[in-house]
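Beneath this line is the structure, given in structure tokens, with notes to follow.
All chains are identified by letter, namely A, B, C and D, in their written order; residue positions are counted from 1 within each chain.
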Amino acid sequence: MIKVGIIGATGYAGQELVRILLQHKKAEIVWYGSKTYIDKKYYEVYQNMFQLVDADCMADNMEELADKADVIFTATPQGLCASLINEEVLSKVRVVDLSADFRMKDINIYEEWYGIEHKSPDYIKEAVYGLCEINREKIKKARLVANPGCYPTCSTLAIYPLLKEGLLEPNSIIIDAKSGTSGAGRSPKVNNLYCEINENIKAYGVASHRHTPEIEEQLSYAAGENLYVNFTPHMVPMNRGILVTAYGNLKKQVTYEEVKAIYDKYYKKEYFIRVLDKGICPETRWVEGSNFVDINFCIDKRTNRIIMMGAMDNLVKGAAGQAVQNMNLLFGLKETEGLQAVPMFP
Amino acid sequence: MIKVGIIGATGYAGQELVRILLQHKKAEIVWYGSKTYIDKKYYEVYQNMFQLVDADCMADNMEELADKADVIFTATPQGLCASLINEEVLSKVRVVDLSADFRMKDINIYEEWYGIEHKSPDYIKEAVYGLCEINREKIKKARLVANPGCYPTCSTLAIYPLLKEGLLEPNSIIIDAKSGTSGAGRSPKVNNLYCEINENIKAYGVASHRHTPEIEEQLSYAAGENLYVNFTPHMVPMNRGILVTAYGNLKKQVTYEEVKAIYDKYYKKEYFIRVLDKGICPETRWVEGSNFVDINFCIDKRTNRIIMMGAMDNLVKGAAGQAVQNMNLLFGLKETEGLQAVPMFP
Amino acid sequence: MIKVGIIGATGYAGQELVRILLQHKKAEIVWYGSKTYIDKKYYEVYQNMFQLVDADCMADNMEELADKADVIFTATPQGLCASLINEEVLSKVRVVDLSADFRMKDINIYEEWYGIEHKSPDYIKEAVYGLCEINREKIKKARLVANPGCYPTCSTLAIYPLLKEGLLEPNSIIIDAKSGTSGAGRSPKVNNLYCEINENIKAYGVASHRHTPEIEEQLSYAAGENLYVNFTPHMVPMNRGILVTAYGNLKKQVTYEEVKAIYDKYYKKEYFIRVLDKGICPETRWVEGSNFVDINFCIDKRTNRIIMMGAMDNLVKGAAGQAVQNMNLLFGLKETEGLQAVPMFP
Amino acid sequence: MIKVGIIGATGYAGQELVRILLQHKKAEIVWYGSKTYIDKKYYEVYQNMFQLVDADCMADNMEELADKADVIFTATPQGLCASLINEEVLSKVRVVDLSADFRMKDINIYEEWYGIEHKSPDYIKEAVYGLCEINREKIKKARLVANPGCYPTCSTLAIYPLLKEGLLEPNSIIIDAKSGTSGAGRSPKVNNLYCEINENIKAYGVASHRHTPEIEEQLSYAAGENLYVNFTPHMVPMNRGILVTAYGNLKKQVTYEEVKAIYDKYYKKEYFIRVLDKGICPETRWVEGSNFVDINFCIDKRTNRIIMMGAMDNLVKGAAGQAVQNMNLLFGLKETEGLQAVPMFP
């Protein structure tokens, strides 16, 4: 059994890690870290865990945890993981960081967009960006995995093959994304109250959201050149789900079959990526609770653009699910272990 | 592997059966019955099943099915199961009926409340009411199981122990229940459109809902005498979940500890029934997607009444989950097999 | 023009007062009080008011306000109004208090249920309970009006006529109420976050909610004797609306027509109370945004009980709308002035 | 009093017309047309109208109506208005058509995108496109007004000034729009059931939605040349509201102040268009129930694009409200008459 420690187990992503890992046959949770609820029963924070988890919430002690666990998940605010990591920790335990600390290779971009100083710049180079379908082989050998952001996961997976194959004008890409509210976390803020989110849709972080450089870095790798995108996230009155609608200018005329063949080339063997039948748009309801990303596209001959769409559960493939997928890779397990839940509808 | 046929696989309860059974290690679905979508791919009706189910929807042919399957689930409108069942079918295959056809022992009550003629009165006596925690031993030996209604499951489990132990005045019971909208099914009706349900709460079927006699029959067994209840269901703008708030007059003064001891006597060993800690009210969000029923109570000394509360997922313990629990009992499997999903939140 | 000051204008009830009063032909707001947002533009707190309100938020200065305004609304936490009121204030200005400070005549009950000391016990007797349809004449002559709570308004109006006419056993009444989330206010708490409320229903304050003694006092007046009720509120995932489902034992057999005649006797001339056609259940969607209370009932001959139902908008008739109705009475205006908005659906 | 007839009064847009007109001081409804509910009380279809509307639903008889009314609103499926209109009708009564029949000047485009034959091509040229802020003077003199579609209203108003002033590359425009579910109408379809819409977001009509050519025609007028756009609508789980997020390539570098000055030039005097303060994104909740369109923009220097955003209530400014605004213009009334409702929040 792989011993798992979770730092930040009482946020939504942390709780989703618990939910998934409780159903994982090869892993057991040995540490429920929580800054806010120390010494409280974990199930008192999340009553769904009543009679399923008896443990108390523990302090965020990475030193002690490194001795007890085989892998540590940090589902914490930006900056915390970078402030806790060191050679001793990494020599004892694998770390999957769900924050943004190690996602970008350029420290200046990190510090500019996140507005904080990076406390462990030495490990930026070593860290592997944990987008499993793209970086699978590198992840297997990593000590430190930077679990991708929710929007970047969905955006990159939807666009990557077409950029890689040179179909898109690199600087033409516009990503209009929509997310459920669990992505905003569990801290009490007026803006996230029920009455403020319900019966409303809004854009936020327009031209300034922190996931922008993360997406740009990954898409630049695909394009083989530096590119910029427009990325606009929106808040949708629902709990879970991310939908990405991305637009790109086609470099040349292409047929449906040609584009489909490209997606199939990259994803046909991928269990978690489902390229849908022709004409079927991805919808978040069809992936809820699962690690699937549903993808499809539509060519608009009138404008010579292609619309690329992706849908996934922001808490699963966009956070905890992908983190467990990374754990499976790190420890040589079946990649789908613990992650084959059928999407729950309605 | 137990071969399962589903008649009515494209309703919400039918689809939930599919979702649960796909994750059940000892069962496989051999028949996806659907009156409406014959010859269509099942995943075209429910895109969450894309790449998980390749089968087509089939006609509701119980004869053929009886030869192919070990157990048949009928998740169909009232009257259909009773019209299909016969000695030949029951000699070949076990039947778990999710409709109301075999729930009540008094055919007159069935015909009065449901307004239809019963087509198989001969099997009413034989059928076992599949409330697993109460009728476990009888279910194991049954050929025909009447899977309980959603409201009756939650109401009966919340009230049963106190009635059985003689704490409540039998005719004082008032059940005020609230359900998510999936309980109304998937047929297109103006009343179930998004804009009609959203931002609204209403009572319906006041003093006339069909689940009333079903609840009364079960509670009468507990009380050892015929009783009547007030039962008022409400429609809540959410997908899943039933909450029951029941009121009863206490026959004598009791303490919290005395009542808790009674619930523990009946439910402490039950995996799927969680009697919550003192002061914690059941909430539907904590059981979503699971087969749990969360129960608690509150004594009101001022009025000498007790408030009994229960929460469960109407599609799981209230329909498909309990049906699979019954199947597990019928075939001597572990009762929790395929049913240990951790509740999904948020 | 009546000059209106609002203390607590940035809560949900306060904002609703602003919304209603902006459309009131005989009133103008001269003071937008807010402890939290002093010196901020009011429209920056509520962007719906952009270009409609230019004023800044002001401190809660009742002395100064008493000089500037003809009427003060206090839409503030319990205890504040009682701590600000005095003879000088009341000699200059009328006060409509939306908190619970002056709703109950027995100070001991107030201090017991609210857990705070009452700072102005001298004015409890003078204060008039502002349930307009019941206390209209007294309100007209009042200096200090205690605006009723949301649950008590809906509960009392639904039950009052039948108790008054002696149809109900006084101590048999059970009130199961359901409210939208705006009733919980705008302070940031984990429990009121979108993801915690959405897709969930729960009871809260079981046998202990503060509105219980308020309801009991009003119903006791109707019954002509002291009575106790069971009152259970529930939180529903919607913004606005309260639905009350109340149960009472009938003292004698009655017909639909007899009961209807009683409701008509009390409410036929009331603009804001709509007794629905036979068989139509009140629903919150049909009163949203309006000052209406929709009422109906159902006799259950099997149990000899009557189910009384009421639906209203908790922010309008349950708070700001009734407060303006009280203001209209205080100043001799048409009682419906500013309150004739047609319910908004969907 | 202006006598108003409504054909299609029992759809969502028709009901919204009723709601608005009941609060309009210069208009009275003389005809509640409804194909589905003939001879039923109007309030039985929409219980919010109980005691407010006593009329029965009437057949769609335009001849008779032309004699009784001063203006007819047709809130009906595409093709109906075109099939009913003729010289006699137009000589007696003004017509505001809420369908798409007279919105586009090119009959071929209409017939291609809507897939139906146009029955009154002679009146296409005469009809005035009723986007009040753009075509105000023409509307005043019209007999037949084509009330704009919901998406086109919001999209055009957000983009128009910048195109007109030559800031945008005409063929670079991408419109990503999100709508509440009332836009899908009240016919019972599986896809619009509560459980199908709730907890979901999806794109639909990708590269093929019928509002595309309507938007293109209006934006082409602004640009002074024919242009094509990408338009992608999405379905959001909420009742009301449209949010448009539009992207355009800037022809040259511009400052915030320069762009703001352009919007102010066009909209500063417009009551119903609110250009928000710098940095404030439009949100649908702030316009709910009102005729406002909230607009703002954000320049992205990194990509040299501008993001233009608009939010409005699809049933008010996107349908019934704009129709009444057109009526006000047609009859020389104050343009805001009956339309000054303060947005309702929450």
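In this text, contacts are C-beta pairs under 8 Å (C-beta built on N, C-alpha and C of every residue); 3 or more make two chains touch, one makes a residue touch a chain.
Note that the structure is a prediction, hence the values are computed from the model and not measured.
Visitor: Match interface A-D to one of B-C, A-C or A-B, accepting only the pair for which over half of the contact pairs are the same residue numbers.
Guide: The chain pair with the recurring interface is B-C.
Visitor: Looking at C-D and B-C, which pair shares more C-beta contacts?
Guide: B-C
Visitor: Just curious, how far off is subunit D from subunit C if you go by their C-alpha centres, in Å?
Guide: 37
Visitor: So how far apart, in whole Å, are subunit B and subunit D when each is placed at the average of its C-alpha atoms?
Guide: 46
Visitor: Between subunit B and subunit C, what's the gap in Å when you average each chain's C-alpha atoms?
Guide: So the centroids are 38 Å from each other.
Visitor: Enumerate the residues of subunit C that touch no fewer than two other chains.
Guide: Residue numbers touching two or more other chains: 12, 182, 195-196, 198-199, 237-240, 283, 285, 288, 346.
Visitor: Show me the residue ranges of subunit D that touch subunit A in the complex, using the header's touch definition.
Guide: Interface residues on the subunit D side: 171, 174, 176, 178, 180, 195-196, 198-204, 206-207, 228-230, 232, 234, 236-241, 243, 245, 247, 281-285, 288, 298-300, 302-303, 305, 307, 309, 311, 346.
Visitor: Tell me, which parts of subunit B touch subunit A in their complex?
Guide: Per the touch definition, subunit B meets subunit A at residues 12, 15, 19, 22-23, 46-52, 182, 199, 239-240, 274, 276-277, 280, 283, 285-290, 294, 340-346.
Visitor: So in the complex, which bits of subunit C are touching subunit A?
Guide: Residue positions touching the partner: 12, 181-182, 186, 188-190, 192-199, 237-239.
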